[in-house]
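In what follows, a single structure is set out as C-alpha coordinates and then discussed.
Per-chain numbering from 1; labels A, B, C and D assigned in written order.
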Amino acid sequence: MHSLTLVPRFYETDAFGHINNTVVAGWFETGRATVFEMFADPDDPKTMPLILARIEVDFVAQIYYGTDVEIRTWIDSLGNSSFHVCQEAWQNGACVARGRAVQVYFDHATQRSAPLPPDKRAKLESLTVKH
Amino acid sequence: MHSLTLVPRFYETDAFGHINNTVVAGWFETGRATVFEMFADPDDPKTMPLILARIEVDFVAQIYYGTDVEIRTWIDSLGNSSFHVCQEAWQNGACVARGRAVQVYFDHATQRSAPLPPDKRAKLESLTVKH
Amino acid sequence: MHSLTLVPRFYETDAFGHINNTVVAGWFETGRATVFEMFADPDDPKTMPLILARIEVDFVAQIYYGTDVEIRTWIDSLGNSSFHVCQEAWQNGACVARGRAVQVYFDHATQRSAPLPPDKRAKLESLTVKH
Amino acid sequence: MHSLTLVPRFYETDAFGHINNTVVAGWFETGRATVFEMFADPDDPKTMPLILARIEVDFVAQIYYGTDVEIRTWIDSLGNSSFHVCQEAWQNGACVARGRAVQVYFDHATQRSAPLPPDKRAKLESLTVKH
(Lines give C-alpha, C1' and ligand atoms only; values in the text may rest on other atoms or scores of the structure.)
Protein backbone atom coordinates (compact mmCIF):
# COMPACT_ATOMS: atom_id res chain seq x y z
CA MET A 1 0.00 0.00 0.00
CA HIS A 2 1.12 3.48 -0.84
CA SER A 3 0.29 6.36 1.51
CA LEU A 4 0.10 10.04 0.58
CA THR A 5 -0.79 12.84 2.98
CA LEU A 6 -2.65 15.85 1.58
CA VAL A 7 -3.54 19.14 3.23
CA PRO A 8 -7.08 20.10 2.12
CA ARG A 9 -7.08 23.47 0.39
CA PHE A 10 -9.61 26.17 1.15
CA TYR A 11 -10.68 26.47 -2.48
CA GLU A 12 -11.55 22.77 -2.35
CA THR A 13 -14.40 23.47 0.08
CA ASP A 14 -17.86 24.31 -1.21
CA ALA A 15 -20.89 26.20 0.07
CA PHE A 16 -21.91 23.20 2.20
CA GLY A 17 -18.84 24.04 4.30
CA HIS A 18 -16.96 20.80 3.60
CA ILE A 19 -14.62 19.52 0.91
CA ASN A 20 -16.53 19.31 -2.38
CA ASN A 21 -17.20 15.76 -3.56
CA THR A 22 -15.67 16.28 -7.00
CA VAL A 23 -12.34 17.17 -5.38
CA VAL A 24 -11.91 13.59 -4.23
CA ALA A 25 -11.59 12.44 -7.85
CA GLY A 26 -8.58 14.72 -8.14
CA TRP A 27 -7.07 13.57 -4.85
CA PHE A 28 -7.34 9.95 -5.93
CA GLU A 29 -5.65 10.77 -9.25
CA THR A 30 -2.87 12.32 -7.18
CA GLY A 31 -2.59 9.14 -5.13
CA ARG A 32 -2.33 7.11 -8.33
CA ALA A 33 0.85 8.97 -9.27
CA THR A 34 2.72 6.15 -7.54
CA VAL A 35 1.32 3.85 -10.24
CA PHE A 36 1.95 6.28 -13.10
CA GLU A 37 5.59 6.49 -12.02
CA MET A 38 5.91 2.75 -12.67
CA PHE A 39 4.92 3.25 -16.29
CA ALA A 40 6.25 6.59 -17.47
CA ASP A 41 8.69 9.37 -16.92
CA PRO A 42 6.87 12.28 -15.23
CA ASP A 43 8.77 14.60 -17.59
CA ASP A 44 7.17 12.98 -20.63
CA PRO A 45 3.69 11.94 -19.52
CA LYS A 46 2.42 11.52 -23.08
CA THR A 47 4.35 8.27 -23.39
CA MET A 48 2.43 6.62 -20.58
CA PRO A 49 0.87 3.39 -21.85
CA LEU A 50 -2.10 3.52 -19.47
CA ILE A 51 -5.69 4.53 -20.09
CA LEU A 52 -8.18 5.28 -17.36
CA ALA A 53 -11.34 3.40 -18.27
CA ARG A 54 -13.50 3.99 -15.20
CA ILE A 55 -13.60 5.50 -11.75
CA GLU A 56 -15.90 4.83 -8.83
CA VAL A 57 -16.01 6.83 -5.62
CA ASP A 58 -18.08 6.05 -2.53
CA PHE A 59 -18.51 9.02 -0.24
CA VAL A 60 -18.54 7.63 3.28
CA ALA A 61 -18.37 10.72 5.49
CA GLN A 62 -17.90 14.47 5.33
CA ILE A 63 -14.36 15.64 4.65
CA TYR A 64 -13.29 18.75 6.52
CA TYR A 65 -10.95 21.62 5.83
CA GLY A 66 -8.27 22.09 8.48
CA THR A 67 -7.19 18.48 8.98
CA ASP A 68 -4.81 16.36 6.90
CA VAL A 69 -6.13 13.59 4.69
CA GLU A 70 -4.29 10.35 3.98
CA ILE A 71 -4.79 8.77 0.57
CA ARG A 72 -4.12 5.01 0.62
CA THR A 73 -3.54 3.31 -2.73
CA TRP A 74 -3.08 -0.35 -3.64
CA ILE A 75 -3.57 -2.69 -6.60
CA ASP A 76 -6.36 -5.22 -7.00
CA SER A 77 -7.75 -7.41 -9.81
CA LEU A 78 -4.43 -7.58 -11.65
CA GLY A 79 -5.42 -9.03 -15.03
CA ASN A 80 -3.75 -9.69 -18.36
CA SER A 81 -3.99 -6.15 -19.70
CA SER A 82 -5.81 -4.25 -16.98
CA PHE A 83 -5.84 -3.75 -13.23
CA HIS A 84 -7.78 -1.93 -10.56
CA VAL A 85 -6.34 0.79 -8.34
CA CYS A 86 -8.15 0.75 -5.01
CA GLN A 87 -8.06 3.84 -2.86
CA GLU A 88 -9.26 5.16 0.44
CA ALA A 89 -9.22 8.63 1.96
CA TRP A 90 -8.78 8.78 5.72
CA GLN A 91 -9.29 11.76 8.01
CA ASN A 92 -9.34 11.92 11.81
CA GLY A 93 -8.93 8.15 12.03
CA ALA A 94 -11.89 7.28 9.84
CA CYS A 95 -12.27 6.24 6.22
CA VAL A 96 -14.16 9.10 4.55
CA ALA A 97 -14.12 7.96 0.90
CA ARG A 98 -13.36 4.81 -1.11
CA GLY A 99 -12.40 4.68 -4.75
CA ARG A 100 -11.62 2.29 -7.56
CA ALA A 101 -9.97 3.12 -10.87
CA VAL A 102 -9.86 0.70 -13.80
CA GLN A 103 -6.61 1.14 -15.72
CA VAL A 104 -5.92 -0.50 -19.07
CA TYR A 105 -2.44 -1.10 -20.49
CA PHE A 106 -2.50 0.49 -23.90
CA ASP A 107 -0.28 0.30 -26.94
CA HIS A 108 -0.31 3.73 -28.56
CA ALA A 109 1.17 2.25 -31.78
CA THR A 110 -1.71 -0.14 -32.36
CA GLN A 111 -4.26 1.94 -30.42
CA ARG A 112 -5.32 -1.21 -28.60
CA SER A 113 -5.00 -2.70 -25.16
CA ALA A 114 -1.99 -4.96 -24.73
CA PRO A 115 -0.72 -7.53 -22.19
CA LEU A 116 1.11 -6.03 -19.23
CA PRO A 117 4.87 -6.64 -19.65
CA PRO A 118 6.42 -8.81 -16.88
CA ASP A 119 8.48 -5.96 -15.39
CA LYS A 120 5.40 -3.75 -15.07
CA ARG A 121 3.40 -6.65 -13.64
CA ALA A 122 6.07 -7.24 -11.02
CA LYS A 123 5.96 -3.61 -9.97
CA LEU A 124 2.18 -3.70 -9.69
CA GLU A 125 2.32 -6.92 -7.66
CA SER A 126 4.52 -5.17 -5.13
CA LEU A 127 1.61 -2.83 -4.47
CA THR A 128 -1.12 -5.46 -4.06
CA VAL A 129 -0.75 -5.78 -0.31
CA LYS A 130 -3.35 -3.54 1.31
CA HIS A 131 -1.78 -3.28 4.77
CA MET B 1 -33.66 14.42 -20.12
CA HIS B 2 -31.92 17.64 -19.29
CA SER B 3 -29.27 19.02 -21.64
CA LEU B 4 -26.48 21.43 -20.69
CA THR B 5 -23.84 22.72 -23.09
CA LEU B 6 -20.38 23.44 -21.70
CA VAL B 7 -17.37 25.07 -23.34
CA PRO B 8 -14.24 23.17 -22.23
CA ARG B 9 -11.79 25.49 -20.49
CA PHE B 10 -8.11 25.52 -21.26
CA TYR B 11 -7.13 24.94 -17.62
CA GLU B 12 -9.22 21.77 -17.76
CA THR B 13 -6.75 20.20 -20.18
CA ASP B 14 -3.74 18.26 -18.90
CA ALA B 15 -0.28 17.37 -20.19
CA PHE B 16 -1.76 14.57 -22.32
CA GLY B 17 -3.27 17.36 -24.42
CA HIS B 18 -6.91 16.48 -23.71
CA ILE B 19 -9.45 17.30 -21.01
CA ASN B 20 -8.29 15.77 -17.74
CA ASN B 21 -10.40 12.85 -16.54
CA THR B 22 -11.07 14.31 -13.11
CA VAL B 23 -12.73 17.35 -14.72
CA VAL B 24 -15.63 15.17 -15.88
CA ALA B 25 -16.67 14.61 -12.26
CA GLY B 26 -17.10 18.37 -11.97
CA TRP B 27 -18.97 18.67 -15.26
CA PHE B 28 -21.40 15.97 -14.18
CA GLU B 29 -21.98 17.77 -10.86
CA THR B 30 -22.78 20.85 -12.93
CA GLY B 31 -25.27 18.85 -14.99
CA ARG B 32 -26.93 17.64 -11.78
CA ALA B 33 -27.76 21.23 -10.84
CA THR B 34 -31.10 20.64 -12.56
CA VAL B 35 -31.79 18.05 -9.87
CA PHE B 36 -30.46 20.17 -7.02
CA GLU B 37 -32.83 22.97 -8.08
CA MET B 38 -35.75 20.61 -7.43
CA PHE B 39 -34.72 20.25 -3.82
CA ALA B 40 -33.21 23.49 -2.60
CA ASP B 41 -32.87 27.18 -3.14
CA PRO B 42 -29.51 27.89 -4.82
CA ASP B 43 -29.15 30.85 -2.46
CA ASP B 44 -29.24 28.57 0.56
CA PRO B 45 -27.59 25.34 -0.58
CA LYS B 46 -26.99 24.14 2.97
CA THR B 47 -30.66 23.27 3.29
CA MET B 48 -30.53 20.76 0.45
CA PRO B 49 -31.81 17.39 1.71
CA LEU B 50 -29.68 15.33 -0.66
CA ILE B 51 -26.47 13.43 -0.03
CA LEU B 52 -24.21 12.15 -2.76
CA ALA B 53 -23.39 8.55 -1.85
CA ARG B 54 -21.46 7.40 -4.91
CA ILE B 55 -20.32 8.37 -8.37
CA GLU B 56 -19.21 6.23 -11.29
CA VAL B 57 -17.68 7.54 -14.51
CA ASP B 58 -16.83 5.49 -17.59
CA PHE B 59 -14.36 7.24 -19.89
CA VAL B 60 -15.36 6.26 -23.41
CA ALA B 61 -13.25 8.52 -25.62
CA GLN B 62 -10.84 11.44 -25.45
CA ILE B 63 -12.43 14.81 -24.76
CA TYR B 64 -10.92 17.74 -26.64
CA TYR B 65 -10.46 21.41 -25.94
CA GLY B 66 -11.97 23.68 -28.59
CA THR B 67 -15.34 21.96 -29.10
CA ASP B 68 -18.51 22.22 -27.02
CA VAL B 69 -19.61 19.36 -24.80
CA GLU B 70 -23.22 18.45 -24.10
CA ILE B 71 -24.02 17.00 -20.68
CA ARG B 72 -27.19 14.89 -20.72
CA THR B 73 -28.83 14.14 -17.38
CA TRP B 74 -31.79 11.94 -16.47
CA ILE B 75 -33.15 9.98 -13.53
CA ASP B 76 -33.06 6.22 -13.13
CA SER B 77 -33.68 3.70 -10.32
CA LEU B 78 -36.10 5.98 -8.48
CA GLY B 79 -36.46 4.27 -5.10
CA ASN B 80 -38.09 5.01 -1.78
CA SER B 81 -35.36 7.27 -0.42
CA SER B 82 -32.74 7.29 -3.14
CA PHE B 83 -32.35 7.60 -6.90
CA HIS B 84 -29.69 7.46 -9.56
CA VAL B 85 -28.72 10.37 -11.78
CA CYS B 86 -27.50 9.03 -15.12
CA GLN B 87 -25.33 11.24 -17.26
CA GLU B 88 -23.55 11.28 -20.57
CA ALA B 89 -21.06 13.70 -22.07
CA TRP B 90 -21.26 14.11 -25.84
CA GLN B 91 -18.76 15.81 -28.13
CA ASN B 92 -18.62 15.88 -31.92
CA GLY B 93 -21.62 13.57 -32.18
CA ALA B 94 -20.19 10.83 -29.97
CA CYS B 95 -20.69 9.84 -26.34
CA VAL B 96 -17.31 10.44 -24.67
CA ALA B 97 -18.18 9.67 -21.02
CA ARG B 98 -20.97 8.07 -19.02
CA GLY B 99 -21.72 8.68 -15.38
CA ARG B 100 -23.99 7.59 -12.56
CA ALA B 101 -24.54 9.36 -9.24
CA VAL B 102 -26.36 7.76 -6.33
CA GLN B 103 -28.28 10.42 -4.41
CA VAL B 104 -29.95 9.80 -1.05
CA TYR B 105 -32.77 11.90 0.37
CA PHE B 106 -31.57 12.94 3.79
CA ASP B 107 -33.25 14.43 6.81
CA HIS B 108 -30.73 16.75 8.44
CA ALA B 109 -32.83 16.81 11.65
CA THR B 110 -32.59 13.07 12.24
CA GLN B 111 -29.31 12.66 10.29
CA ARG B 112 -30.86 9.73 8.45
CA SER B 113 -32.17 8.94 5.00
CA ALA B 114 -35.89 9.55 4.59
CA PRO B 115 -38.63 8.71 2.05
CA LEU B 116 -38.80 11.07 -0.90
CA PRO B 117 -41.84 13.38 -0.48
CA PRO B 118 -44.48 13.01 -3.23
CA ASP B 119 -43.82 16.44 -4.73
CA LYS B 120 -40.11 15.74 -5.07
CA ARG B 121 -40.82 12.30 -6.49
CA ALA B 122 -43.10 13.82 -9.11
CA LYS B 123 -40.40 16.25 -10.15
CA LEU B 124 -37.86 13.45 -10.44
CA GLU B 125 -40.29 11.32 -12.47
CA SER B 126 -40.53 14.12 -15.01
CA LEU B 127 -36.82 13.63 -15.65
CA THR B 128 -36.84 9.85 -16.04
CA VAL B 129 -37.32 9.87 -19.82
CA LYS B 130 -33.91 9.55 -21.44
CA HIS B 131 -34.81 10.89 -24.87
CA MET C 1 -15.07 43.87 -26.49
CA HIS C 2 -15.73 40.17 -26.31
CA SER C 3 -18.49 38.84 -24.08
CA LEU C 4 -18.71 35.33 -22.64
CA THR C 5 -21.48 34.10 -20.36
CA LEU C 6 -20.59 31.51 -17.73
CA VAL C 7 -22.83 29.55 -15.38
CA PRO C 8 -21.10 29.37 -11.98
CA ARG C 9 -20.55 25.77 -10.94
CA PHE C 10 -21.33 24.49 -7.47
CA TYR C 11 -17.82 23.13 -6.95
CA GLU C 12 -16.56 26.66 -7.59
CA THR C 13 -18.15 27.87 -4.35
CA ASP C 14 -16.24 27.70 -1.05
CA ALA C 15 -17.10 27.48 2.62
CA PHE C 16 -17.83 31.23 2.71
CA GLY C 17 -20.88 30.37 0.59
CA HIS C 18 -19.79 32.35 -2.49
CA ILE C 19 -17.63 31.70 -5.54
CA ASN C 20 -14.04 31.19 -4.41
CA ASN C 21 -11.68 34.01 -5.36
CA THR C 22 -9.17 31.75 -7.09
CA VAL C 23 -11.86 30.59 -9.52
CA VAL C 24 -11.95 34.04 -11.12
CA ALA C 25 -8.40 33.53 -12.44
CA GLY C 26 -9.71 30.51 -14.34
CA TRP C 27 -12.79 32.33 -15.63
CA PHE C 28 -10.61 35.14 -16.94
CA GLU C 29 -8.35 32.62 -18.70
CA THR C 30 -11.50 31.23 -20.30
CA GLY C 31 -12.49 34.72 -21.46
CA ARG C 32 -9.02 35.16 -22.99
CA ALA C 33 -9.68 32.19 -25.30
CA THR C 34 -10.91 34.75 -27.82
CA VAL C 35 -7.35 36.14 -27.86
CA PHE C 36 -5.69 32.72 -27.94
CA GLU C 37 -7.77 31.83 -31.01
CA MET C 38 -6.14 34.75 -32.85
CA PHE C 39 -2.72 33.20 -32.33
CA ALA C 40 -3.03 29.43 -32.42
CA ASP C 41 -5.08 26.50 -33.45
CA PRO C 42 -6.97 25.19 -30.40
CA ASP C 43 -6.11 21.66 -31.58
CA ASP C 44 -2.40 22.37 -31.28
CA PRO C 45 -2.07 24.77 -28.35
CA LYS C 46 1.65 24.12 -27.93
CA THR C 47 2.38 26.25 -30.99
CA MET C 48 0.86 29.35 -29.42
CA PRO C 49 3.44 32.15 -29.47
CA LEU C 50 2.10 33.86 -26.35
CA ILE C 51 3.40 33.84 -22.80
CA LEU C 52 1.41 35.00 -19.81
CA ALA C 53 3.73 37.25 -17.81
CA ARG C 54 1.39 38.59 -15.14
CA ILE C 55 -2.18 38.64 -13.92
CA GLU C 56 -3.96 41.07 -11.62
CA VAL C 57 -7.46 40.61 -10.23
CA ASP C 58 -9.43 43.13 -8.17
CA PHE C 59 -12.27 41.56 -6.24
CA VAL C 60 -15.04 44.15 -6.22
CA ALA C 61 -18.04 42.28 -4.82
CA GLN C 62 -19.16 38.81 -3.82
CA ILE C 63 -19.93 36.44 -6.70
CA TYR C 64 -22.88 34.14 -6.15
CA TYR C 65 -23.80 30.66 -7.27
CA GLY C 66 -27.13 30.46 -9.11
CA THR C 67 -26.80 33.49 -11.41
CA ASP C 68 -24.96 33.79 -14.73
CA VAL C 69 -21.72 35.74 -14.95
CA GLU C 70 -20.63 37.73 -17.99
CA ILE C 71 -16.90 37.92 -18.70
CA ARG C 72 -15.98 41.00 -20.74
CA THR C 73 -12.61 41.00 -22.47
CA TRP C 74 -10.79 43.68 -24.44
CA ILE C 75 -7.26 44.72 -25.38
CA ASP C 76 -5.32 47.63 -23.89
CA SER C 77 -1.68 48.86 -23.95
CA LEU C 78 -0.95 47.28 -27.31
CA GLY C 79 2.85 47.53 -27.52
CA ASN C 80 5.59 46.30 -29.82
CA SER C 81 5.82 42.79 -28.43
CA SER C 82 3.28 42.72 -25.62
CA PHE C 83 -0.27 43.77 -24.78
CA HIS C 84 -2.68 43.79 -21.89
CA VAL C 85 -5.93 41.87 -21.80
CA CYS C 86 -8.43 43.75 -19.64
CA GLN C 87 -11.34 41.86 -18.18
CA GLU C 88 -14.40 42.38 -16.06
CA ALA C 89 -16.84 39.93 -14.51
CA TRP C 90 -20.42 41.14 -14.24
CA GLN C 91 -23.26 39.59 -12.26
CA ASN C 92 -26.74 40.94 -11.56
CA GLY C 93 -25.94 44.20 -13.35
CA ALA C 94 -22.81 44.99 -11.35
CA CYS C 95 -19.10 44.59 -11.99
CA VAL C 96 -17.91 42.04 -9.42
CA ALA C 97 -14.25 41.60 -10.48
CA ARG C 98 -11.70 43.31 -12.71
CA GLY C 99 -8.63 41.71 -14.22
CA ARG C 100 -5.58 42.46 -16.30
CA ALA C 101 -3.30 39.94 -18.00
CA VAL C 102 0.06 40.88 -19.51
CA GLN C 103 0.71 38.78 -22.59
CA VAL C 104 4.07 38.68 -24.39
CA TYR C 105 4.52 37.61 -28.00
CA PHE C 106 7.15 34.90 -27.87
CA ASP C 107 9.34 33.22 -30.45
CA HIS C 108 9.79 29.62 -29.33
CA ALA C 109 12.72 29.21 -31.75
CA THR C 110 14.82 31.96 -30.18
CA GLN C 111 13.16 31.66 -26.75
CA ARG C 112 12.75 35.44 -26.72
CA SER C 113 9.98 37.98 -27.05
CA ALA C 114 9.42 39.20 -30.60
CA PRO C 115 7.52 42.01 -32.35
CA LEU C 116 3.85 41.29 -32.96
CA PRO C 117 3.33 40.52 -36.68
CA PRO C 118 1.06 43.00 -38.48
CA ASP C 119 -1.76 40.49 -38.99
CA LYS C 120 -1.86 39.62 -35.29
CA ARG C 121 -1.69 43.30 -34.37
CA ALA C 122 -4.67 44.03 -36.62
CA LYS C 123 -6.68 41.31 -34.93
CA LEU C 124 -5.81 42.65 -31.49
CA GLU C 125 -6.71 46.20 -32.54
CA SER C 126 -10.18 45.01 -33.47
CA LEU C 127 -10.65 44.10 -29.81
CA THR C 128 -9.42 47.38 -28.27
CA VAL C 129 -12.85 49.01 -28.12
CA LYS C 130 -14.24 48.49 -24.66
CA HIS C 131 -17.90 49.08 -25.46
CA MET D 1 8.51 33.75 6.43
CA HIS D 2 6.26 30.73 6.23
CA SER D 3 7.20 27.82 3.99
CA LEU D 4 4.80 25.24 2.55
CA THR D 5 5.83 22.38 0.26
CA LEU D 6 3.34 21.25 -2.37
CA VAL D 7 3.47 18.28 -4.72
CA PRO D 8 2.14 19.40 -8.12
CA ARG D 9 -0.85 17.31 -9.17
CA PHE D 10 -1.24 15.87 -12.62
CA TYR D 11 -4.64 17.48 -13.16
CA GLU D 12 -2.94 20.84 -12.52
CA THR D 13 -0.98 20.51 -15.77
CA ASP D 14 -2.42 21.77 -19.04
CA ALA D 15 -1.98 21.00 -22.74
CA PHE D 16 1.23 23.05 -22.81
CA GLY D 17 2.72 20.26 -20.69
CA HIS D 18 3.41 22.41 -17.61
CA ILE D 19 1.44 23.52 -14.56
CA ASN D 20 -1.41 25.77 -15.70
CA ASN D 21 -1.00 29.42 -14.72
CA THR D 22 -4.35 29.69 -13.00
CA VAL D 23 -3.34 26.93 -10.57
CA VAL D 24 -0.80 29.24 -8.97
CA ALA D 25 -3.60 31.47 -7.67
CA GLY D 26 -4.89 28.44 -5.77
CA TRP D 27 -1.46 27.46 -4.47
CA PHE D 28 -0.91 30.97 -3.15
CA GLU D 29 -4.30 30.87 -1.40
CA THR D 30 -3.14 27.63 0.19
CA GLY D 31 0.06 29.34 1.35
CA ARG D 32 -1.99 32.14 2.91
CA ALA D 33 -3.69 29.63 5.20
CA THR D 34 -0.99 30.49 7.73
CA VAL D 35 -2.44 34.02 7.76
CA PHE D 36 -6.05 32.89 7.85
CA GLU D 37 -5.26 30.75 10.90
CA MET D 38 -4.28 33.94 12.75
CA PHE D 39 -7.75 35.36 12.24
CA ALA D 40 -10.25 32.53 12.32
CA ASP D 41 -10.97 29.01 13.37
CA PRO D 42 -10.65 26.71 10.34
CA ASP D 43 -13.80 24.96 11.52
CA ASP D 44 -15.84 28.13 11.21
CA PRO D 45 -14.32 30.01 8.27
CA LYS D 46 -17.35 32.25 7.82
CA THR D 47 -16.31 34.27 10.86
CA MET D 48 -13.00 35.30 9.32
CA PRO D 49 -12.75 39.11 9.38
CA LEU D 50 -10.58 39.31 6.26
CA ILE D 51 -11.50 40.25 2.71
CA LEU D 52 -9.29 39.59 -0.27
CA ALA D 53 -9.26 42.82 -2.28
CA ARG D 54 -6.68 42.06 -4.94
CA ILE D 55 -4.19 39.50 -6.17
CA GLU D 56 -1.20 39.89 -8.46
CA VAL D 57 0.87 37.03 -9.85
CA ASP D 58 4.06 37.35 -11.91
CA PHE D 59 4.90 34.19 -13.83
CA VAL D 60 8.67 33.97 -13.87
CA ALA D 61 9.38 30.52 -15.27
CA GLN D 62 7.64 27.31 -16.28
CA ILE D 63 6.46 25.13 -13.41
CA TYR D 64 6.83 21.41 -13.96
CA TYR D 65 4.95 18.34 -12.84
CA GLY D 66 7.09 15.80 -11.01
CA THR D 67 9.05 18.11 -8.70
CA ASP D 68 8.00 19.66 -5.38
CA VAL D 69 7.18 23.35 -5.15
CA GLU D 70 7.86 25.51 -2.10
CA ILE D 71 5.43 28.35 -1.40
CA ARG D 72 7.03 31.13 0.65
CA THR D 73 4.71 33.57 2.38
CA TRP D 74 5.40 36.74 4.35
CA ILE D 75 3.73 40.01 5.30
CA ASP D 76 4.49 43.41 3.80
CA SER D 77 2.89 46.88 3.84
CA LEU D 78 1.23 46.35 7.21
CA GLY D 79 -1.22 49.26 7.42
CA ASN D 80 -3.99 50.40 9.71
CA SER D 81 -6.70 48.15 8.32
CA SER D 82 -4.98 46.28 5.53
CA PHE D 83 -1.79 44.41 4.69
CA HIS D 84 -0.10 42.69 1.80
CA VAL D 85 0.74 39.01 1.71
CA CYS D 86 3.83 38.50 -0.45
CA GLN D 87 4.47 35.09 -1.91
CA GLU D 88 6.94 33.22 -4.03
CA ALA D 89 6.84 29.77 -5.59
CA TRP D 90 10.18 28.01 -5.85
CA GLN D 91 11.03 24.88 -7.82
CA ASN D 92 14.41 23.29 -8.53
CA GLY D 93 16.21 26.13 -6.75
CA ALA D 94 14.63 28.94 -8.76
CA CYS D 95 11.78 31.35 -8.10
CA VAL D 96 9.11 30.45 -10.66
CA ALA D 97 6.28 32.80 -9.61
CA ARG D 98 5.76 35.82 -7.38
CA GLY D 99 2.49 36.95 -5.87
CA ARG D 100 0.92 39.67 -3.79
CA ALA D 101 -2.47 39.59 -2.09
CA VAL D 102 -4.10 42.67 -0.58
CA GLN D 103 -6.08 41.69 2.50
CA VAL D 104 -8.45 44.05 4.30
CA TYR D 105 -9.56 43.65 7.90
CA PHE D 106 -13.33 43.71 7.77
CA ASP D 107 -16.06 44.12 10.33
CA HIS D 108 -18.96 41.96 9.21
CA ALA D 109 -21.31 43.79 11.63
CA THR D 110 -20.76 47.21 10.04
CA GLN D 111 -19.82 45.80 6.61
CA ARG D 112 -16.80 48.12 6.59
CA SER D 113 -13.06 47.86 6.93
CA ALA D 114 -11.80 48.29 10.48
CA PRO D 115 -8.44 48.86 12.22
CA LEU D 116 -6.43 45.72 12.85
CA PRO D 117 -6.63 44.80 16.57
CA PRO D 118 -3.25 44.85 18.37
CA ASP D 119 -3.15 41.09 18.88
CA LYS D 120 -3.70 40.43 15.19
CA ARG D 121 -1.16 43.07 14.26
CA ALA D 122 1.43 41.44 16.50
CA LYS D 123 0.84 38.08 14.82
CA LEU D 124 1.22 39.63 11.39
CA GLU D 125 4.41 41.43 12.45
CA SER D 126 5.93 38.08 13.37
CA LEU D 127 5.60 37.12 9.71
CA THR D 128 7.13 40.27 8.19
CA VAL D 129 10.67 38.91 8.05
CA LYS D 130 11.24 37.53 4.57
CA HIS D 131 14.23 35.33 5.34
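Keep in mind that, in the parts below, a residue touches a chain if its C-beta (ideal position, glycine included) is under 8 Å from a C-beta of that chain, and two chains touch if they have at least 3 such contacts.
For clarity, every value in this text was computed on a predicted model and none was experimentally measured.
Using the contact threshold fixed earlier, the set of chains in contact with both chain B and chain D is A, C. Distance from the centre of chain D peaks at B, each centre being the average of the chain's Cα atoms.
For the pairs C-D and B-C, the count of C-beta pairs in contact is higher at C-D.
A straight line joining the Cα centres of chain C and chain D is 22 Å long. Inter-chain spacing, taken between the CA centroids of chain B and chain C, is 29 Å. Annotation for chain A: residues 10-11, 13, 15, 17, 20-22, 26, 29, 45, 65 touch two or more other chains. Listed in rising order, the residues of chain C touching chain B in the complex are 7, 9-11, 13, 17, 26, 29-30, 33, 36, 42-43, 45, 64-66. Those residues of chain C whose C-beta lies close enough to touch chain D in the complex are 15-17, 20-22, 25-26, 29, 45-46, 48, 51-59.
Taken in their complex, chain C has these residues touching chain A: 10-11, 13-15, 17-18, 20-23, 65.
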